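Would you mind keeping the following structure in view while I ask a few things?
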Amino acid sequence: MNGEVGRPISRLLADVDGARCERKGDRRVRIDATPENLPAVLELLKGRAGYLHLSAITCIDWMDDGEFELIYHLWSYEDRNLVSAHIRIPREPGVYLSVYDLFEPAGFFERDIHEMYGVFFEGSPDQEKFILTEWNGPPPMRKDFDAEGWVQGTFQWEDYRPEWLQEIEEKGGGIAIKPEQARANTRKIRGWKQ
Amino acid sequence: MNDFPLPVRAERSNPLARVFDELIDFCRARSMFMLHYCTGCGAIELPPAMTSRFDMERLGIQPMVTPRQADILLITGYVSIKTLKRVILTYEQMGSPKYVIGICSCTVNGGMYWQSYATAKKLNEYLPVDVYIAGCMPRPEAVIEGLRKLMGEIKAGRANSWERYFREYDRYLAAQQNLFGPNWQTPTDIIGEARDYQLYGPGTEGRHTELLQQHQVPLQPLRMTLHSDVEKSS
Amino acid sequence: MRPENYQAQSHPPSHEYELNFGPNHPGIEGNYALQVRLHGDTVVSAHADGGYLHRGFEKLMEGRLWIQNIALVPRICVPDPVPMEVCYSLAIEDISGLQVPERAKWLRVLQLELSRIAAHLFYFGGHAATTGMYSPSFWGVADRDLILDRFEELSGGRVYHIFNIPGGVRRDIPEGFLGRVSALLDYLEARLPEYDDLLFRNQVFVRRSKGVGVIDQQQALAWGVTGPNLRATGLGFDVRRDDPYLIYNQLDFEIPTEDSGCCWARTLVRRSELQQSIRICRQVIAALPDIGGPVRAPIPNPLAWNVPVGESYTRVESSKGELAYYVLSTGGEKPYRVHVRGPSAMHAVQVLEKMVTGGRLEDVAQIMFSLDACPPEVDR
Amino acid sequence: MSSDIDYKDAGSILAPLKNLRFFAREPVTEPLGPRPAAENYRGFHVNDWELCIGCSTCQKVCDNAAISMIHIPGLPNDPVKGVRDHRPAIDYGRCCWCGLCVDICPTGSISLTREYVHTCTEPELDSYFVLPDPNGMHKTHFPKGWSKTEQNDLLDHDRQPMAEMAPEARIGDFAEIVAGYTDQQALLEASRCVQCGMCHDACPTQMHAPDYIRAIWQGNVELAVEEIYRTNPFAHVCGRVCTHKCEDACSIGRRGTPVAIRWLKRYAMDALAPAKVKKIAAKGKSRKKSGRKIAIVGAGPAGMTAAFDLIKQGHAVTVFEALDQAGGMTRYGIPYYRLPSESLQRDIDIIVSLGVEMRYRTRVGVDVSMAELEQEYDAVVLALGLQLGRSTRIPGSDHVQVRAAVDLLRRIAAGESLAVPDKVVVIGGGNVAMDIARTLARLQKQQHGVVGMTVCALEDFAHFLADPEEVRESGEEGIEIIDARGPRHCVVNDDGTLGGLCTWKVLSIFDEQHRFAPKFDESDERIHEAGMVVESIGQMTDTGLLGDELTEALEWNRGRMKVDAFGRTSLPWLWAAGDCVNGPDVVHAVADGHRVATSINEYLTQEVAA
Amino acid sequence: MSREGHSSSYQRLAGTRSLQEILEIATEFERTARDFYTALAPRVSKRIRWLVEELADEEQAHFDLFDGLIKRMDLAEHIADRIATPASDHRFSDAIHLPDLGENPDDQAVLQYAMGREHAAMDQYGALAESVEPEELRALFRFLANEETEHKRELEARYYEIVHSGGV
């Protein structure tokens, strides 16, 4: 059954403009959809192919492209297959439609994404803060929020003065490389781009 | 940190009073109620420590569900900013003498979440801490060793960190305000309590308590009335 | 609401009142809160409040090297850390095409199942405590500790094993390890009837939990319930069997189900899973001596390791349900995005809110525990 | 499958009596006090200071920023050996005991113990910052827990193999033996680096090896070349024939083969188009002309490096070279199969293209005198090299067929044809001896079809001077290397032709203090038959060009011109650089070139200011 | 001082029978060497003058040492002892082929010459130490032989350093 799954999905999506599907593994199918046709794709998958379980919605911040990528991971208990539908929406204003009426779990995932990325989902039942109720800063998962920088600016670190260190400092030694200097992501390698 | 040496209890002149103090400390050290609040991941080692295998109860330590009856606040690992507020509320509600134990790396210098935007880094900026237990997380045996260390400190009359919270309230409040914003307030009147306990010191009030008093909303008595359905129908 | 903004107010007269259930509450599992609105003892509505254990894992992981994250992942779910490690490793192996040696696969399964047993034993203790019974928690915790002893021997850590890394496991098993695990399994199996006497045939527990917190299969599917909670509604779905990973398709085990979908059913499913997990462990112990070879595929120098461009949505069955990692690599030395889809996130928020609504206050704790939601995993 | 529990079965009323059996059970409660931890336990750290080299790799892998490197004066600190007087200190307010530091440690010095209890009060919090030593955190002995094994070692100890020509194929001609890394190999090899920087410290010219290796790993060859050109304009050469002090210091080499830093440099240089390299080399060239003139005597690596720096600083540079082409010993001393002259030429071309004036076939002291240079130029650099071969001066060594290796190499490199007898003996055990032996062996192969080459070295293999690679490759090519032979005399036949070389066995060459003190076994005398004996025991500088007056005016230090730290001699207008000051090594020469250029530039700009 | 000068003093040393004479000639041996180097120094290129000067200094030190020995009182009773001269054998390394130091000797030639001298002296004292009877004299010659051996070693190390120039 599994080997055949890819084909029916592509047949299913034949009617939807601009949706491409690609088999990625034994039980993994990737669909590239557009913000316009995603609701239709999900509805088709749920209604006609038995993809009842919304496993997760993942949001990715492509800051350099000015886009958010939303990935809807759907699982079919019948086909035993997982479909990941990808769309990209503009980073500004970062608004998309809720799929809560199709998949109730979407409510939580959308709330989470709203909290962490600031993407607003129209029609989602509850977009109140859940985790970050005491947080005043920007949505922290956005790539332009420098968490480490914020921490360094907000908190102070323990300034240890153990005896052995004082002794070494008397001899002219001391802390040569602080841990923060050696950290992989603060290493200054020109042209390095992740 | 060394600027604030632990206050050693003033020698009382009356030898009877000294004996009494020692007796009190001896008793305190043998009956410690630990607040049952799992602030972080280190809490997973508390059930083994509390139950049959490592059996904290043989030291007279018991979990207690309300802060009002608890002696020990066990901070089990990282405290997120959200939790820290509750921890401070809880701490202030606990009756004196009270002791704080910081478990795991995270309470000392941020631990493995040192770059996290969501956790507080140094517990002793916000609360006076009596005993630290190293580990990530410490094993139940280490936790028990820490508690025994605390017992020793209490017996020796050195575990007086709670007095520092009153004497240097302004300093602790400063760190709290720095993290939570100027609006931060708790329902407990620390300055009043400090006066009451005769622990009012030069550091009790300061710039930060002034700010607190500006923002503080006085508490009003809560009226809760249960009416019958009469009003609803009317 | 933030505590500093809280002001005592006189409310308009009403039959309803609000109660903060947690975060400091003996009936709550971990640092989590539920604001319930009550009419008498009946819950009118409930509002989950999480984030007390939020550490921003997903953000942290974007700032650390691929290898460094192995120390981070087990901390997402404290009572059941092994699936986190394995799932993260599987995702990276999937992206980079690392071939895990056979022996490592079996060792991972052994850990996964031991971890599942430990988590379930912990669950029994907590669940029973919410009905006022403390002996099971003493038993469960003590027996779980015996498993932790074996983990300590294997990995050097009691709770955070950090033993699975991309490519395999960090070390081979110590001398005589399998024999000791085998003895432990014998002991646990012999204990099961005693647990039955203590808990599952205990009329206090049966009557407190039967018919409480019912969820039917339709609802469960619609709400996205997974794992043992879904199996307690009669749907025998298990990632291990239906989306197999490692060597689960070579193992002989069953998927226990119950039909009633109540707290009792959820506990029973887990009890039956204990037996199945013991069975799986036995198979691993029998097979492992014949599987030679290395325990780890060589990985590049971890300080200069660019996982190739790719993405993976990897799922494993944790003791709490479907655990999935979405890992995206843009070819850098750090992940571009790691999304942890924990089973508890679903259970502890939407499902819990809906299930307790209409129930009674005294059952709230029990329902929450029966779902086995893990707050650190919700908050991440 | 459903559960088999019959929950309705409440059991007999006497069932609770069953529980009486628990009285007979052993209690699970452990005695108070810490239990001994498991064998692999990840507890507090210990660090074997004898093994630790202070490379800070543990610090780099630590995900929690828990490790600080502490500089401890008094510990061994030797950049050349790759040892730093740094030791890791661990902040237990950050550590999570994951053990990655143990798994990655290049030396295996750090490990975790089975100790796990540490408690303290708030004023004692400094005890959370620990400098692990072999004694453990509380100076009480605990057995080791998680420590390095083969299984959990995260480092790759094996170097990417370098493709090279088979001995049979390469002995026939002078084609370059080593193929160079492919893109994939270079990437894999570069990924082995842990960025400890030991190589940077060990390198005479302080090349930024960690940076260019990392750039190669990122696939950014251009960046790599840029990093290389920060310190070394002779990168094509150094990528092939450098003595790679960096690799001797490499921390990966502690337990494995060091990262192939030299080959990676070569890869980067070869992978980038010469036009782009030229562009990178010209970066930072001063547009302003200073109007000062500098003469450099000798177009070897030292001279040309100085020229490169000085021309970029805006000075006018003239290089005087006695021979036809630039490169010095790298051209006339290193055989083609090790360093193809095209590669060398790329380096030279880049430097010359910056505007250096080259005067070939101009021998200072003959065609132009030092006095003239002093008159005409603001500064003069002597980069003379070591071009005279030393002779053993044993009886018979004045025979016409007893030759100096450097002379032969120079003539072969210049394209002279040379008739080689079918049997040749080389005296010497250094790299030059290997070079001449392998070069003549190739000629023998071409002229006679067979190799008849013997190398007699004074040193035994335990103290051999030539690179092990050279020795291995020579052996593969059919060259007989006999170690520990002291030359006695050259055998001259009655008809005046050379018969061979007589040697004695050397019993030991060094004394206990590693000083030269040869002991011979006279009974073990051998005659090595040869039509030509090549002496390759050492070289010296031809200082004749200085003239008596200048020699007298200069100050000397043990046979070499006395120079300050920047290569300046006792005369204010004269600098000396390269082999003639520091002994034979390309990369030292490059470093010297930089030093004198800095010094000259400082001198000239100061003069202007004054 | 020429090469003949050297060999004649060597001959004289070998033929000596009285301890006093031995010591006197040994002192003479060092003195002539010192004078030789001192005279050579200005003639050589400044580049290697340091070497010759160093050798002169070392010989001066030896001269002082031997000169002091003669004056030592505890040897007085043996001073007239007759000692059988041994036939010293010649060991050669590539260093001891004595070149004729021409008008403009280079560093290698100077060193080889110096090593040859020390070698001969070392052999001689070594052989004498073997043949004399009184323990004090034995010790004395062993000491002298040791001194010369040490010196020769120093020279050999220097030779290796200079001539083999790191062995490229």
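The letters A, B, C, D and E name the chains in turn, as written, and every chain counts its residues from 1.
The criterion applied here is as follows: contacts are C-beta pairs under 8 Å (C-beta built on N, C-alpha and C of every residue); 3 or more make two chains touch, one makes a residue touch a chain.
Since we're looking at a predicted model, the values are computed, not measured.
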Which chains sit in contact with both members of the pair subunit A and subunit C? B, D
Please tell me whether A-B or B-C has the greater number of C-beta pairs in contact. B-C
Maximum distance between Cα centroids and subunit B occurs for chain E
Measuring from CA centroids, which chain ends up nearest the centre of the complete protein set? D
Counting in whole Å, what is the centre-to-centre distance of subunit C and subunit D, each centre being its mean C-alpha position? 53
Subunit A and subunit E have mean C-alpha positions lying a whole-number Å distance apart equal to 86
Name the residues of subunit C that each touch 2 or more other chains. 2, 51, 54, 56, 59-60, 63-65, 68, 71-72, 142, 160, 303, 379
Residue ranges of subunit D touching at least 2 other chains are 28, 37, 60, 63-66, 91, 93-94, 96-97, 125, 128, 195, 214, 218
On subunit A, where are the residues touching two or more other chains? 132-134, 140, 147-148, 158, 161, 184
Among the chains present, which pairs are found to touch? A-B, A-C, A-D, B-C, B-D, C-D, D-E
Quick one: which bits of subunit B touch subunit A in the complex? Just the residue numbers, please. 1-2, 81-82, 85, 108-110, 114-118, 120-122, 125, 178-181
Contacting residues of subunit A [partner subunit C, same complex]: 25, 27-28, 52-56, 58-61, 71, 73, 75, 77, 80, 82, 84, 103-105, 107-108, 112, 116, 130-134, 140-141, 147-148, 184-185, 194
How about subunit E: which of its residues touch subunit D in the complex? 45-51, 91-94, 97, 99, 107-109, 112, 153, 156-157, 159-168
Where on subunit A is subunit B touching in the complex? 132-137, 140, 145, 147-148, 150-151, 154-159, 161
Touch list for subunit C against partner subunit A, complex: 1-2, 48-51, 54, 56, 58-60, 63-65, 68, 94, 221-224, 226, 235, 237, 242-243, 303, 313, 315, 322, 324, 326, 328, 330, 332-334, 336-337, 339, 341, 345-346, 349-350, 379
